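Take a look at the structures listed below.
Next come two complexes built around chain A: one with chain B, the other with chain C.
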Partner chain A sequence: MSGVTLDKIVKRYGPTVAVDDISLNIKEGEFLTLLGPSGCGKTTTLRLISGFIQPTSGAIHFGAKDVTGIAPQHRQIGMVFQDYALFPHLTVSENISFGLVERKYEKQAIKERVDELLALIKLENAAERYPSEISGGQAQRVAVARAVAHPPSVLLMDEPLGALDLKLRETMQIELRRIQQELGITAVYVTHDQSEAMNMSDRIVVMNSGVIEQIGSPTDIYTNPQSVFVANFIGQVNILNCHVVKNDRETTELNYQDNKILTRSSNKLKTRTKIYLAIRPEDIKITSKPPTKSQNSLKGIVSEALFSGNVMKISVTIDGGDIMKVECPPKANSFVSGDQVHVNWMPEDCKILLG
Partner chain B sequence: MQTWTEKIIMFIWCGFSYVFLLSPMIVVMGASLHGGEFSAAIKFPPDEPSFQWYSKIPAEQFEALGLSLIVAAVATFIAALIAIPAALGLVRSNFKLKFAVSSVFRAPLQIPAIVSGIAFLQLYYLIFDTSGLMLAGTIPGMLLGHVFIATPFLFGTIVAVLQRFDHRLEEASYSLGAGRWRTLYRVTLPTIMPGIYSGGLYAFMVSFADVPMSIFLTAPGFVTYPVELFYAMENDFDPSILASSSLVIVFCLAMLLIVQKVVGLETLLRSGGGSAR
Partner chain C sequence: MENRWIAYLIPPFIITLLLVAGSQFVFIQNSFYQDLGLGRTGTDLTLTNYLKFFSDSFYLKTFWITIKVSAIAALLTLFLGFPIAYVVARMKSKLAMFLLAGIVVSTFVTIVIKVFGLIIIFSADGLINKTLLNLGLIERAYSIIGTQEGVVIGLMHFTIGFSVLLLYSVVVTVPPSLEYAAQIHGASRFRVYQRVIIPLCAPGFVVGGLMIFNMCMGAFTSAALLGGGRILTLPVLVQRTVMMEVKYSTAASIAFVLLVSVILINLFSLIAIRRLRSARLVVA
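Let's turn to the complex of A and B:
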């Protein structure tokens, strides 16, 4: 087992650049997720780490070992595929022992390891079944057991839960995380599902059109997005186009369609600079009267109010045309569309983004 | 829900199909039980049923049957050795003449077998003229022709199975430390095996039943079973031919049942492959 380092990796297909100069340091034992929309280069990056494709330029290291140019079968990787790719002609236990046979384990050692893994994935009773005879969730666990049977340097997973239904997916997220932590294995996980990434990862790498937008822990990425793309991709966000009026030590004053908005001073921005202001829907309160304290506040009309169980999802059309999404507890907020309201939020709950 | 009319139409149509497909065999097997005096005409239903004609099957026919089985089995095996690598190579590569090469492997299907037979005979005469080696009427000569007509059947089914093959199975194998040959042996071949079996079954039957080409490659004392039957029909027909044919029909049915038990005819006919899901 080891960490993985990507050093200035570029992958071109003719004139298209799939991965554009990515450098990344994955720590030993870390669960790292590559997250992004389809076509962002996340799967290409995973395939570069696995060795199924080779980079146009740059180097890949597993620990101290340079594996650039080495074929996948000599890389000591474990790979879990989207629809599992279990060998249909082999039983569950034969699937799990496949890699052990290739690595020339003793017969007795193979048997012990397979039993141990069957216990880990709780499938002792299905050992002699064929892949066509087990459920999707079970196949998923077999695929993981097969990948980690011979402990790999790194476990690579390509949207492994994509084919499962929602309930099972949530169970499997916990299960996968448990297996990864029990084995203390370095894992790289590819998904386009942000909640999956948030639930499982130590760190998330948000990718967009071949480049890394941001790297950070799930909390960091959610509360402190560095770009409009990241803010939009992880959870819901309201973006207001503003410009800077003045900047002092503690606060920055912004102008949004002639409304004064205050935010924490974090940047040394010049007056008149155009910026994007990001506010999460759950940080906004709705009142029918203007707020008294030093909150930011905009006037508007409720255009839609949806009750969805644990939250009330309200859309407010701000005077000026922008629509703000608000999420609030349903009990205290009985607004209906057409109501005149004020949307309010604290200066520390909004964030200036430059692009 | 089916209405009654639909059910009746369905029943009649299926019944008709079965009668159409099975009646020739039933007539042959029935008439082989003819128990009376020698008669040059087929008697169906047979009067005074007996197995007398079964004891009068000429020994040459059994010899010919043996030759045919050997030729068909060996020809199928050699055809598989040619068709498997050819299909693997062609499906996975991408070169300019890919379709041309692919058509070459299917070409024997488009040539009437009688033309192939004449061509092979001419070729063997040419080889005889230049080297003094006579291939016509020998096992290698016969095999060459049978491999020629059997290969396209294996090639076609294997290509079809490979095109549906999930390449991630091979990637999974590589990721588990298996090299190219190990992956071929442990993953690729086993998953395309149903295709190889079903293609092989076709190839075997085509070779076993061939008359138009084999008739040119026989020699006195070296005759395949269908050709022997053909001669017998032409020259001295008697019900022992029906008896011998019936034996082969029973033999083929028994083979099918065994294959069904061992491999599963369902898999064969679907020529599954790729994935059992």
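Let's turn to the complex of A and C:
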């Protein structure tokens, strides 16, 4: 087991750059998720770590060992595939022992390890079944057991839950996380599903068109996005185009279509700089009367109000023409479309983004 | 609605039945009457023709050669066809489609033209002999015509396209991710073939092998042209007996032996495979 270091990795396919100068340090025992839309380079990055493809330039280290150029079978990795890739002609236990047989373990050691893993994935009763005779969730657990049987330096997972239905996916998120924690394995997980990434990861790497947009813990990425892309990709966000009016030590004053908006001073921005202001829908409150002075407030008309169980999703067309999404508890808010309202939020709940 | 459409199928069915099954029936029926030569037959039902076939060493030898060259050709064709099929099946570019189309087209070129091509490159002053002579690997030109090897080459030439197409359709059913999984969990390329690809393709090898074997058993043109009258296989023998010796019932008995033996060989092979499969020695 070891950490993984990517050092200035570039992968080109002809004129297209799939991965553009990525450097990344994955700590030992960490659960790291590569998150991004399709085509962002996350799968290419995973395949580079696996050794199926080689970087155009840059180096990959597992711990202190340089593995650049080493074939996948010599990298000591485990991998879980989106379609499970279980061998249909082998039983569950034969699938799990595949890597152990290939690495010439003793017969007795193989048997002990397989039993141990069957217990870990709670499939003791299915040992002699064939992959066609077990369910999707069970198949996924077998795939994980196979991947970790010969303790890998790093466990790679390529959208392993993509083929499962929502309920099962949530159970499996917890299950995968538990297995990873129990074994203390370094894991790199690829997904385009932000909630999956939030639920499971120690750290998330948000990728977009071949570059890393931001690296951070789930909380950090959600509450402190560094770009409009990250803010939009992780959860819902309202973006207002503003410019800076005045900047003092405590607060920055912004102008949004001649409305004054206050936010916490974070950057030394010159006046008239154009910025994007990000506000999460759940940080906004709706009132029919103007709020107290300390809050930011915009006037608007409710254009849509959707009740979705635990939350009320309200869209407000503000006077400037932008639409603001608001999420609030359903009981306290009985607005219907056409209502004249004020949308209000605290200065500390909005964030200046530069791009 | 459905019944009305089925009615339209009855006339073609009857015509097919008369032309195919009917003619076969008359031909085979002939084999149970004594052959009086020149197309005449006796009047009493008898097994004379069959007794003659199984007691005459000439017929038995021909029978054995037919099975032998067909089996060898089928095996070699599978070995030769698999790598091609594998490479084409794993190609990501559009080239794969062109190659497949090329194989299909060349498969349907008349066998006579293909065999003449073979005869030309294998002839005494043909490409292969000249190259081998110049390299000093052989001392005098070697002819494949009239040898068993020649017939095997002819049969392989005839069936290779089918074998590639057949095996291609088998290989594409094995997801590449299984190969990645095997490789990533420590298997070398060789072990990937040994533990994953070959076992998963095994049913395809069996079925494909039998199909090619059947084609070889019934192949006439390539066997006739490359056998050169010295190597006889059953289909060639049937043609000679009908066309040159005008012994219809004898020919019919030979044809029937060929037909029944092919059916039996297929049946036994499939039963054997099923036995193995239930013992989980072969996958399906």
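Some observations on this one:
In this section, the second predicted complex is superposed on the first by the 354 of 355 C-alpha atoms of A that agree within 3 Å, B and C clash if a C-alpha of one lies under 4 Å from a C-alpha of the other, contacts with A are read in each partner's own complex, and residues count from 1 in each chain.
The definition used in the following text is that a residue touches a chain if its C-beta (ideal position, glycine included) is under 8 Å from a C-beta of that chain, and two chains touch if they have at least 3 such contacts.
Fair warning: this is a prediction, and the values are worked out from it, not measured in the lab.
In this superposed model built on chain A, chain B and chain C take up the same space, so to speak, and clash. Using the contact criterion defined above for the overlaid structures, shared-chain residue A:146 touches chain B and also reaches chain C. Judged by the touch definition given at the top, the superposed model places A:52 against both chain B and chain C. Judged by the touch definition given at the top, the superposed model places A:228 against neither chain B nor chain C. When the two structures are aligned on the shared chain, A:120 is found in touch with neither chain B nor chain C.
By the touch criterion defined above, A:17 reaches neither chain B nor chain C. Of the two partner chains placed by superposition, only chain B is touched by A:132; chain C is not. Applying the stated touch rule to the two superposed structures, the overlap between the chain B and chain C interfaces on chain A comprises residues 50, 52, 71-73, 77-79, 81, 83, 85-89, 98-99, 102-103, 146-147, 150. Every residue of chain A that touches chain B in the complex is listed here, in rising order: 50, 52, 71-74, 76-79, 81, 83, 85-89, 98-99, 102-103, 130-132, 146-147, 150, 156.
Within the complex formed with chain A, the residues of chain C that make contact are 175, 177-178, 180-188, 191, 195-196, 199-200, 283.
By the touch rule above, chain B contacts chain A in their complex via residues 166, 168-169, 171-179, 182, 186-187, 190-191, 193, 274-277.
Considering their complex, residues 50-52, 71-73, 75, 77-79, 81-83, 85-89, 98-99, 102-103, 146-147, 149-150 of chain A touch chain C.
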